[in-house]
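We just call them A, B and C in the order they show up, numbering each chain from 1.
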Amino acid sequence: MRVRTESILPYSLLAPTLIFITLLIVVPIFQAFLLAFQTADGEFTLTQFEKMIADTSFADALKFTFLLLIFIVPAQVVLALVMALLIHTRFKGHTFFLYIYALPLAISDLAAGIVWLAIFTERGFLNSGLFQLGLLERPFLFLSYQNLPALFSTLIIAESWRATAIVMVILLAGLQVIPRDYFEAADVFGANTLKRTLFVVLPLLRPSLQNALIIRTIFAFQTFAVVLALAGRVIPVLTGEAYNWYALNRNANIAAAYSTLVLIFTVIATVVYFRLLRTSTAEAGFD
Amino acid sequence: MPSSRFILNRIFLYAVAIALAVWTLAPLYLIALAAFSTKEAVFQWPKLFLPTAFSTETMAFFVGSTGVLDSVKNSIIVALVTVVASLILGAPGGYALARFRFRGKDAIQLGFLISKMFPTAILSVPLAIAFLQMDLYDTLWGVALMHTAMALPFVIIVTAGIFVGVPRDLEEAAQTLGCNRLQAFWRVVMPLTIPGLAAAAIFTFVLSWNEVFAATILTLRNRTLPAQVLSGLSGSPLYYRYAGGFFMILPAVVFIFAIRKYLLNMWGNIVR
Amino acid sequence: MAGIQFQSIRKIFGKTLAANDVSLEIKDGEFMVLLGPSGCGKTTLLRCLAGLERVDGGRVLIGARDVTELAPRDRKIAMVFQSYAVFPHLTVFDNIAFGLQMQSRPRDEIKRRVEDGARLLELSDYLARYPAQLSGGQRQRVAVARAIVMQAAVLLMDEPLSNLDALLRLQMRAELKRLHQEIKATTIYVTHDQVEALSLGDRIAVMQNGRIVQCDAPMNIYDYPANKFVGGFIGTPPMNFLPGVVRVNEGKPIAAVGESHIAPSVALASALIEKNGQPILLGIRPENLALASAQHANTIRARVLVVEPLGSHKLLTVQVGAEISKVSVAPDQRVAPNDDVWLHFDPEKIRWMDAATGDAIHPG
């Protein structure tokens, strides 16, 4: 019967994906909750969370995860905004620069960590350069536990270098949706570049900005390999602790407790951003 | 004659553009320099910024290390399986979202967006336990399954964007000219979407090729390249890490450059 | 052969009835135009015939065959889309050959038929090109050629000219008419352009809100619109409607419009007697109004507001009581704004309508 196949078609096309995602995403999440909140006998418990909180690294992991978030996300957004606005002026050769700026999209956080390791390590390129310029007499230990601010800064630099590309591409895609009339109208009214950026472009770009913020915030909670590559276990982060508890300590329950915490933060951040997004899209007149 | 203010403006613009390009490219140059030198050069002080000590020694050491070649092979297999599986599973769904109006469509779309947001960490631990019971632990199939699940929401949203780009009229015209739905898809929609789908495939490949956390948690001996490098991070010499880092970056950068024209569209779609 | 029957077609989109119990019979070889404003259901009806839309009720017959449940490809139709829907990845040749290739025709037959079709539409020089290398008008020809080489008994066209510029549209309109005379396929042509409909159709079905309100030969539709909607939709400028009241004096009905009286044609008189005291509308086309220097029978006082010389005629905007009307007069007629004039109504050309329903009053 043709009538029936027509109405069922979209569902049957989507079914494989829905089943797959249910089995490999939805079910595991519930299992993770069970791991985190259940005893071996299947009773509800908070012991795993108590153990997690009592863990010596927990407070630091929490602190550093949020510190990273607070520094990385704004740094990426500002840098990406400069890149996107620059490209959007469509100067001669702008596509060439766009492709260069977008290259780090391809780079994993592990690889990014290693790249900056080569630069910040004791006999790395940064120390070599500063020495050859006569600014340093002997290598500065950027990656030492004795110099936490410096070590922490290297993380911010490495992550900004890597993930700015994603934010830039999102913002540029957003910029392209804004009708060019807006830019020209601003010109006619004599707005200079800075004023135009602040009062015309940014408000119109708010939906894209907030999308970029959501994506980057979610992934900032998952920062892990870049930290491991540059700081080892000196700077613990939440996802890194989940990894350690599972891969090194073979304790799936506490690993699950850590991941659940990351999930909770992710959900909170998303809800908060969605709230902000909803009010602002109405203001900006975008759908 | 352009005014001097205009010229100053241009000079400033290009200066910023070039500075940002240097910021992006210099680290890539330096890791290449570090990856292609002698073992001694890695510890040389001070380091030189020109490829004076060019050598394939560290690269050869890395490639020759136990498990590295296998892990490269594993990474390629996992990524290919992921690409094929996620496109075969996801593209029809993307087509459904692009072409049909049906009950629950908004909810399903929102579901895909949300499932993109779940941290890899929370999925990997229970899956590792489940895979242990199903004999999928430490197999490439297990990793590929996980990567496919991670890539599917992305693939479905991106392919929906690609299919929306083909006017419905074209398919209907083909239908009036003697095609059934499937023939209309193969003869008209496919040829028009091949470039976009190829770009999505390459992007999926890079996602899988780069994925660290799940690959490390789900394997023990059958490591993918990132898992191999990560698990040996603290115990391996610097030159091994440099070579490993470069080795991971190179194909990904080449691929991304190959699909550069599609990046804006893909990310434009994914956040909408 | 390949006549078409719509039998009580119903099609619902969400809560709107796009086709509300539509029945229509089209003769073999006829050129039928479905005309109406956007959203009237004309395209839906066409798509139901093509099989691109599933009907919610009723049957569709092509020839003697019930095709209601058939897929588009099994209906032996060919269609020209509003957007042309020319395949961008195929050359002009392959576009035109597409349907024939789907039928697995022999290669030399395909080549011959494609070349014939291309010649008919003056595309012979462009067969190797891709659509992106063609102008809009040429792409439109490819779409038409692609449909006619199928030699289907039924040819469907969905606003095929609406994306062309005015001059090209005029040219293609004549060409489509010539084509139809040549190939004689039963043609259903959807348009919102009443001039196209008048010029092309053997018959026109005027649609409104999912129903066919009138189906007749073009000049009948023009001269005898079934209701106010049809009269107002067809003609540039549209029909004028003047409100009046029926009065019967000594057994003879007249319409009182202001202080003037207009008499009906003899045929209509008996039907109007029953409407004594009821409000009516007098529908009259601008060219059926004439200027008179003094009051005669069937004249009404009016004041000229605007005079537009349009070359072949002058178009006047006049005020009649509280109503605004358009009058078309000869180009040499001497008339100026603010002139007070008498409008003469040709009684044979007046369409009397019930003011409440808008429907034309027919001889009793």
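FYI, a contact is a pair of C-beta atoms (placed from the backbone, for glycine too) under 8 Å apart; a residue touches a chain by one contact, two chains touch by 3 or more.
Since this is a predicted model, take the numbers as computed values, not measurements.
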Central subunit by CA centre of mass proxy: B
Chain pair whose interface holds the most contacting C-beta pairs: A-B
Centroid spacing, where centroids are CA-atom means, of subunit A and subunit C in whole angstrom: 60
Approximate Å spacing (C-alpha centroids) for the pair subunit A, subunit B: 16
Centre distance in Å when subunit B and subunit C are each reduced to the mean of their C-alpha atoms: 56
Junction residues of subunit C, two or more chains touched: 71
Subunit A to subunit B touching residues, read off their complex: 7, 9-11, 13-14, 16-18, 20-21, 23-29, 31-32, 34-35, 79, 82-83, 86, 89, 91, 94, 97-111, 113-119, 121, 123-125, 127-129, 131-132, 139, 161, 165-166, 169-170, 172-174, 176-177, 208, 211-212, 215, 218, 221-222, 224-225, 228-229, 232, 239, 242-243, 246-247, 252, 255-256, 258-260, 262-263, 266, 270
Contact set on subunit B toward subunit C in their complex: 167, 169-170, 172-180, 183, 187-188, 191-192
Subunit B to subunit A touching residues, read off their complex: 10, 13-14, 16-17, 20-21, 23-25, 27-28, 30-31, 33-34, 42-49, 89-90, 92-93, 95-97, 99-100, 102, 105, 108, 111-112, 115, 117-130, 145-146, 148-149, 152-153, 156, 206, 209-213, 216-217, 226, 229-231, 233-234, 238, 241-242, 244-245, 248-249, 252-253, 255-257, 260, 263-265, 267-268, 271
Touching residues (chain side subunit C, partner subunit B) in the complex: 50-52, 71-73, 77-79, 81-83, 85, 87-89, 98-99, 102-103, 146, 150, 156
